[in-house]
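Common to both upcoming complexes is subunit A, partnered first by subunit B, then by subunit C.
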Partner chain A sequence: MRCRRCRAAAVIEIRRNNAAYCKTCFVQVFREHVKRTIERHDMVAAGDRILVAVSGGKDSLALWDVLLDLGHDATGLYLGLGIGAYSGRSREVVQGFAAARGAALVEVDLERDYGFDIPTAGARGARSTCAVCGLSKRYVFNRAALEGGFDVVATGHNLDDEAATLLGNTLRWQTEYIARQAPVLPAKEGLVKKVKPLHRLSELETAAYAFLRGIDYVVEECPLVAGNTQLRYKEAMNAIEAGSPGTKAQFFLGYLERGMPLFATADDVDLRPCERCGQPTTGRFCAFCRARAQALGERIDALVEDGEVVGELADEVLPAEIYGRTG
Partner chain B sequence: MRCRRCRAAAVIEIRRNNAAYCKTCFVQVFREHVKRTIERHDMVAAGDRILVAVSGGKDSLALWDVLLDLGHDATGLYLGLGIGAYSGRSREVVQGFAAARGAALVEVDLERDYGFDIPTAGARGARSTCAVCGLSKRYVFNRAALEGGFDVVATGHNLDDEAATLLGNTLRWQTEYIARQAPVLPAKEGLVKKVKPLHRLSELETAAYAFLRGIDYVVEECPLVAGNTQLRYKEAMNAIEAGSPGTKAQFFLGYLERGMPLFATADDVDLRPCERCGQPTTGRFCAFCRARAQALGERIDALVEDGEVVGELADEVLPAEIYGRTG
Partner chain C sequence: MRVRLRNPDREVEVPGDRTVRAVLDELGVNPDTVLVIRAGELLTREVRLGDVDEIEVRPVISGGSR
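Entry: the complex of A and B
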């Protein structure tokens, strides 16, 4: 096989494009694709300060790499989750990348800054480990961006991630989550703009990019993810894709084109500041503060000045042994 | 295990209900479920004449059986598809059931009445065999019901069928198909009311019912269905269901509750009579007449009196060798 652009020997075939590329051209095509995606969706304005959420995996490091190469003002954000050796290795990889590229890196650590880690929160809380991890990331990304004066948070979600998430949300018809799966979520009161510049690129493409660019990334899955429903949705999507190539892209991109407009009205919620931390939420306390209180064994209402009993929270999320006695 | 209702030895466990039943009680529970579904969705009014589409499989015969037992005026409709021994055996089974129950049976045969069979239409036409088969069934069911003066067409689609179809429609975001997956489609000009009284029952339940009632049904899959995308969607749903029991029901019933209302506006099409057969369609000729013309090697426009060239059809569905010369 020959490279579509320069006719040199190809190293990767992208079936979706019906094309093969040599290393140099693939890296360039990937970069141009991200550039076009950013432009087409108005993801970043001139002079914007971008905060890139980097886990140490291929997707987020590939994204940071491209953003820097495209000349953007892109600071990394690493969140320490406290998942033993896995988190240690992730941190090293991220720090190594930042040093090699001379890029700015912000570090937040759940244990140091908030007093709990993900394994504890998963074990003690009412939500699954992956759910607590997800909401903690969303919380910290937004808060760090607000406090650091960033204009936009960029994450490395790829097409496989988005298709699997959409499948999960659709299987449960979680219309408010479906409505929020846009590649750009504009800023709104207390919420920084969020963008996903890799949402049209497959996992294979981001892995190939990271590999061909010689980026050192964490290959292992998170050790807590085994049996995770998201993984099962990915497997189901892969099985369907194997029989009907192109289904994944058709599903997610078809959603953006024809599905999303129908769900837009479902995402009409009123936000107000969390009574504990001030971050935007729909209830009295945000999901992060509630999960944190569970992990720390605290009674969240004891920290609120008026001391009012918050019955609906007890019924909703907090387990009886932590929260029941106030009711 | 003991029967939930009578404490006799159970023969079947229904996990969804968290209950087990003996043969007599299961048959009764199944029948009551169908009765309640019919009532809740106003599927059948007093005195309605029902036409039940029966393929010879477990679902449609179980449905016919229950409708007769519930005292409905339910005539069977068998459509001969011309799929060799499979169609022969299906017809025998349906005729045997009708004779044993003393029930009225209408027979339509594609070859005898329309001059083609499904294998030929699949091989010659622009659509897949399963697509031609599906549209032919929908056409014949509606036309036979109209011409026979029936008030409602009932089909045996079960929860597994509906979930797999919804998955396929959603993966492609075919919003107009999604909108039409309701368990009741009301009558509209030229279209008879359609109902699916088994839409909340799993394949396992309908098979158990047919087995326990001693109904002789065709167990084999259609020989043309191998590699069918619907089968792959069923497999994907089964894989997800194995990891997260209840997903199938959650998906389809959640759609009915929260999804369907969002798609309702997408199903706003204007129908007019097909210029060839008079049945309702969105274009000049209905999909059945176009598929039939392909199977017979006819030029569909040659049959239209004004002789006008129908350019958009040539581009859309008909292959060039049949249709191109008129353009």
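Entry: the complex of A and C
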């Protein structure tokens, strides 16, 4: 198998594009792709300060690596989730990357800064562990960006993440979430602009890039993820993709081009400040403050309000992708 | 040949002298969901493996909240 660009021996094959690349060309193609995506969607303006949400996994570190190589002002944000040795290893990896690249890193720790960890919140709260983890990330990313004066939050969501999330949203006809599954969510009412520069690249590509760049990333899966809905959707999509390469891309990228406009009116919620923390929400208290209160055994009188229960149920089945929904 | 599988970590012995694709088929692994690594190098599906080779089959799928 030969590299599409230089005809040297290939190390990675991208079946959906009927293409293969050598190490040098693949890294170059990956970078060019991210650069084009950022430009095409106006993800970053000149002089913007980017806060990159980094978990220690392949996607977020690959993204941070590319943004730095493209010359962007990209600071990492690591959120300590308190998931035992897994979180310890993740933190080491992120700190190691930041030190090696001389990049700035902001660290937030749920236990230190908010008094609870994800295993406790998952065990005590009404949400699944992945759901409370997801809402905690969205909350902290936005708050840290606002408090740090960043212009944009960048996350490492890839094509497989997006296709699996769209599948889940579609299976339940969660039109409000379908409408928000965009690669760019502009800033509004206390919400920092969010971008996903890797949304057109598969997990295979982000993993290959991280490996070929020699990035030390966490290969181990989160110990709490077993049975996760998102993983089941990914497996289903991969089974389809195996027989029909390109289906995932057609599904998600086709949605962006032709499907999203049909759902635009579904994304119409009024936000107001959470009465506890001030972050934007649709009810009196944001989902993060409610989850935190449950984890700490505190009372928060909005827990039983009908409108907010609806929001919690939606978070439960859609752990991965509700950027606009911090409330 | 020896194959190191991840998540969970384990090792299996399988016959060599065949392609990466054939080994993944035997293991029931979708080639689009893994990196196959030998001595620090990525391998495509057509690469032929020897009896004494050692490879790592590393999943690329991440789950959970993102």
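Assume the second predicted complex is superposed on the first by the 300 of 327 C-alpha atoms of A that agree within 3 Å, B and C clash if a C-alpha of one lies under 4 Å from a C-alpha of the other, contacts with A are read in each partner's own complex, and residues count from 1 in each chain.
Simple rule for what comes next: a contact is a pair of C-beta atoms (placed from the backbone, for glycine too) under 8 Å apart; a residue touches a chain by one contact, two chains touch by 3 or more.
Worth saying up front: this structure is predicted, and the values here are computed from it rather than measured.
When the two complexes are overlaid on their common chain A, residue A:259 makes contact with subunit B while staying clear of subunit C. Of the two partner chains placed by the overlay, only subunit C lies in contact with A:212; subunit B stays clear of it.
Of the two partner chains, neither subunit B nor subunit C is touched by A:269. In the overlay built on the shared chain, the residue A:160 is in contact with subunit C alone; subunit B does not reach it. When the two complexes are overlaid, the chain among subunit B and subunit C that reaches more residues of subunit A is C. Residues 235, 239 of subunit A lie at the contact with subunit B in one complex and at the contact with subunit C in the other.
Across the interface of their complex, subunit C is touched by residues 1, 10-13, 15, 20, 23, 57-59, 130-131, 133-134, 137, 155-157, 160-161, 202-204, 206-208, 211-212, 219-222, 224-225, 228, 230-231, 234-235, 238-239, 241-242, 245, 319-321 of subunit A. Within the complex, the subunit B residues that touch subunit A are 170-173, 175, 227, 229, 232-233, 235-236, 239-240, 243-244, 247, 250-251, 254-255, 257-259, 262-263, 265-266.
Residues of subunit C touching subunit A in their complex: 6-7, 30, 32-33, 35, 37, 41-46, 58-66.
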